[in-house]
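Before I ask anything, let me first share the structure, which is written out below as structure tokens.
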Amino acid sequence: MDNGIRIGVYTCHCGTNIAGIVDVRNVAEYAAGLPGVAVSREYKYMCSDPGQELIQQDIREYALNRVVVASCSPHLHEQTFRTAVAGGGLNPFWFHMVNIREHASWVHLDKAAATAKARDLVRAAVRRVALHRSLEKGRVKIHPDVLIVGGGIAGIHAALTLANAGKHVYLVEREPSIGGHMAKFDKTFPTLDCAACILTPKMSAVRAHRNITLWSYSEVTTVEGYVGNYQVTVRRRPRYIDESLCSGCLECVEACVFKQAKVTDEFNMGLSKRKPIYIPFPQAVPQVPVVDPETCIQFKSGKCKKTCMDACGERHAIDLEMKEATERIEVGSIILSTGFQAFDARRTPEYGYGTYPNVYTALEVERLVNASGPTGGEVVLRDGRHPRTVGIIHCVGSRDEKTNRWCSRVCCMYSLKLAHLIKEHTEAEIFNFYIDMRTPGKGFEEFYQKLREEGVHFIRGRVAEVTDWALDPSEEGSLVIRVEDTLAAFVRRIPVDMVVLATGLEPRSDAQEVRRRFNVSCSTEGFFLERHPKLAPVSTFTEGIFLAGACQAPKDIPDTVAQAGAAAAEALALIDAGFIETEPNTAYVNEESCSGCGTCAPLCPYGAITYSEEVRKAAINQAKCKGCGTCVAACPSGSIAQNLFEDDEIFAEIEGILSYA
Amino acid sequence: MSAFTYFPGCSLRGTGVAYDESLRTLLKVLGIALEELDDWNCCGATSYMAIDEGSAFVLSGRNLSLAREKGNHELLAPCAACYLVLRKTQDYVGRYPAIAEQVGQALSASGLPPLDGVRVRHPLEVLYNDVGTERIRKSVKRKWAGGKVACYYGCQLVRPFAEVDRAHDPTRMDELLRAAGIPTVDYALKTKCCGGSLTGTIHDVGVRLNYIILKEAVRKGAAALATVCPLCQHNLDVYQREIRRSTGEKLDVPVFYFTQLLGWALGSDPDALGLKRQVSGRRLVREWFAEREVAVHG
Amino acid sequence: MDYGPRRIIAMVREGFRTEALASETIWLCASCYSCAVHCPQQIHITDVMYNLKREAIGSGLFPKRFPIPVLAQEFYNVVRRRGRAAEFLVVLRMALRTNPLVLFTMWRTGFDLLRTGRLPLRGERVRRMPQLPREAS
Amino acid sequence: MPEAFEPRIVAIFCNWCTYLAADLAGTSRLKYAPNIRVVRVMCSGRVDPQFVLDAFASGADGVLLGGCHPGDCHYQEGNYKALRRYHLLRHMLEQMGIEPERFRLEWISASEGERLRVTVDDMVARIRALGPLRLPEEVPAS
């Protein structure tokens, strides 16, 4: 080429990932013959140090001024190669990446067709890169405050980590108290530490920390802006008790005109009753009761004696006129730690939950064995009996094509824990029914061994049904578990007094709504999608938004806490850098040809386009532009262009794909 | 009122004749016309499919095709096995091109139209959806004087391909009988298999399955069973003597078609409902269905 | 049941064809489809059993004096000839091929059915027999 | 013997949803027809109708646009803009005698690798049945 363009093309084997299907040599040889190509090479791993050095060496030796790498997805290594190109002394944007792994070798079996595809894509890139211009990255300042959504153990741990580092954190929790699922547990596996003993100090620390603003009973309603500068609104539901005035004495609860608790207690999974004014559990944070307007007499009839207010006396903390409030905040980054929901056991009707009263879910049993639970830790059945035999059925709503396909990861271990606790509380004979025992974790297998030594039965077989039909008098009045014991290799009927369903973990029912609000993605099964499963496990595809805990995938407490720490570290790294570099893919107006029609301005969701009536021209604020390119496509006079995605670059790519040599 | 093309199937010509009689009688009372599918053939059920799947689908396909040719595309199939095979054929023809081709070729070679567009219906679902419990309630002419009934749905009506009721816990037969003033009991075995043709082959296995189903119904307080399938009714009804011989337990429980019970409640003549064709529990049958007209208003 | 369906599937997967096809288990499947509704992997186990039955007949490995395959064959033959099944004929022929003594224990059942008009001794026929499949497919 | 017809399809995918779905199809090792070539843009809203016309004029037998589901756009509403343009353009292409099957807009999210596979296979099959695109003479090349 006479225009001085000298392109280096590098085709990566990626071991056999690419080379196993695509004839890499053929692609490299083909590229060598394309106009403007000064050098074309193939190499085993382009992303490795020697691979990058190869590029830099060629830049010097062959005086290259454009580089094309045909390897994996740009989402994985575009940054790597741009840095390598910059290290060779070129503008990092004189580079284009071709995806022949995810988009070719991994998705096709026909070697010739995959190779032809790779050649087409390389040819298109060679044409495109010749047109690339040198660009500078932009910079955005990062607001140092962080929003954490969800106050379970993940949100609590991330909040404390950030607050201890001196950053201000807004922790927003939907329920009246933080603590999440962990607050409902009695013990934690495999060490059997008391969940409350390890959780409540952290909850208190959240309450006391001067760097944490805790908004419980609240929800994030809107999120606008972008990394470094998010504008968030939070809806604070009225709890009808002023948090700043309440001392947490709970005398109002005592004084409620309901002498007996009559309302289903959500925290105790419906196993007990609460009053219309209540605190979800004794260690709740904030230590402030809440009034439930659905059941409070004053809200229903307006004729209550309001004994609660009398009890509160001079403090005047109770305000039944309280209205919903809205808070508006600015933060630089956001951590989502919205958690999971337990599988609804009614979806597997063969196990009789909801039909037979003595069939329980694991979360219900967590409350039953809990010393601060509805029975004070006594395992009593709904009919008042103490169970002498208990069956624990694993994988309910897990590993099942009809419900949820995935392994929920924690059920084997919590089933072992519950088996141990029930046995300890009742001395009942306990049967565990499992498909596979999955105990990969520190001390997990040893715990399983301990349970076997304790004499708990382990029956390998997926339970067919829980039923009440009795074959003989010995089964009368029992629940019969029918299962093929696949080790003994015959079908068994095991009569028990109590059945525990080890329900799996699934995405919260509003996960889709939440992900839209925060502009993140979900993976196929509905958990929030991390940016990379191995290398960016707490990041999302939206800069500045991080994930922690079971909202990303089922995980146990140690993994959740580790991930929360990682998310906090990522947020800290962002804050402490003070700014973030942005892709130079912004749009800009060619003033000469702009006809001043004004079509573009209302299209921009970020208000980056201003239209001046005086000069009848549009202008784009480079700091506000996020680089979608919608205005570019819409401009009737073709006067808006987009860096990195110039019209001529895209045309070159399309025509390059289609022009057969 | 509505009309159906009627596919009785082989069983309703033999052991299940009372099902045929009671269904015709009941639907007549409700103003639903039946026109029997001319020259219908075996549906290709279980035993046939075990030998030759392709031909089984062709057999089934011919019946569907005949119904389509006839013009009334609502095909009523009371036998659970026929109902399932007809629907399975439709499902597989839609799903697997090879089956579609084989069936299509066989039909066109016989000068028959393609089989699509036919809707296979079952009386339980027709009575529930098209007639409705409310109309049954209003049409009751006789007050029930018998014992509680356990509704036994059997297997094939609530399994894949079927659109009759929920797979795990069907209740529509219970709802219809209760609407007719007949008390029912709930029990966990209502969708367990009766063993099908096992009673004729591996006799002791088949008989035991039926013993378990009958005994559990009795344990839950039922004095009789109601069924929706000729094979279930046959198995539960005619082997109670063998059950007595092998277990020593005398059950003598009458086993009805649900159409017999509904027909009786709606005022039809017991003979027209085939009520004399019961093998077990004949004493109770005589007692419950003795002609003592107790007029119920409406 | 000699193996149990789980073991039959495992045997088929691992290539123990003869053992699986000669088993009685596959014939005991009464096609109630309960497994198909419950299988967590959504495998059409009933169809798998049908397939094995057909292969067992085709390969001649089926248990020869086991009444179920014999019944199936007789049912099939009657439908081939007449277009409709006739219970009386099918059962009679099965008994003759497996264990004629069974007829003595069945006579009371047969009598009950005859008495209540539920056992027609003359089966029905389809008029347009050429429209039905003749060659095994 | 004439060479069998292999449709050539240009796919223009948004960076955040459909391009990632194609990456997911890769990491999941799903297999689909090798007839598409993907061009990456940041948002389906960037797709200028000229890109599509240019592709057809340069020899594409089909053009597939991929964006985020309605409500899921990384840039809030670029995909709605794409949808509006798509309808207009489709109408125009029809008038030019280009069969509607040749031009598709699909919403495929980052988690829908399987949907991408099905979409591509379906589109390739349909275009294979249609045969190569024969453009009338007056199609404006860009």
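Should a chain be cited, it is by its letter among A, B, C and D, assigned in written order, with residues numbered from 1 in that chain.
In this text, contacts are C-beta pairs under 8 Å (C-beta built on N, C-alpha and C of every residue); 3 or more make two chains touch, one makes a residue touch a chain.
Predicted, not measured: the structure shown is a model, and the values here were computed from it.
Participant: In how few steps can one go from chain B to chain D if every step must land on a touching chain?
Facilitator: Between chain B and chain D, the shortest chain-hopping route counts 2.
Participant: Where the centres are mean C-alpha positions, what is the separation of chain A from chain D, in Å?
Facilitator: 30
Participant: Measuring from the mean C-alpha position of chain B to the mean C-alpha position of chain C, what distance in angstrom results?
Facilitator: Measuring from centre to centre gives 21 Å for this pair.
Participant: With chain centres taken as the means of their Cα atoms, state the distance from chain A to chain C in Å.
Facilitator: A distance of 53 Å separates the two centres.
Participant: Find every residue in chain D that makes contact with two or more other chains and list them.
Facilitator: Expected reply: no residues.
Participant: Of all residues in chain A, which are in touch with two or more distinct other chains?
Facilitator: Counting only residues that touch two or more other chains, chain A contributes 350.
Participant: Spell out, as numbers or ranges, the residues of chain C touching 2 or more other chains.
Facilitator: Expected reply: no residues.
Participant: What is the complete set of touching chain pairs?
Facilitator: Touch list across chains, by label: A-B, A-C, A-D, B-C.
Participant: Which part of chain A faces chain D closely enough to touch in the complex?
Facilitator: Contact set of chain A toward chain D: 73-75, 99, 101-104, 106-110, 113-114, 116-117, 120-121, 124, 516, 519, 521-524, 529, 541-542, 585, 603, 605, 626-630, 632-634, 642, 645, 647, 650-651, 653-655, 657-659.
Participant: Please name which positions on chain A make contact with chain C in the complex.
Facilitator: Where chain A meets chain C, its residues are 350, 399-402, 462, 464, 484, 486, 489-491.
Participant: Residue numbers of chain B touching chain A in their complex, please.
Facilitator: 168-169, 187-189, 212, 216, 219
Participant: Tell me, which parts of chain C touch chain A in their complex?
Facilitator: Contacts found on chain C: 4, 6-7, 38-42.
Participant: Could you please specify the touching residues of chain B with respect to chain C in the complex?
Facilitator: 10-11, 13-18, 39-42, 44, 46-55, 58-59, 62, 84, 102, 106, 110, 112, 155-156, 159-160, 167-168, 191-193, 195-198, 200-203, 205, 234, 238-239, 241-242, 276-279
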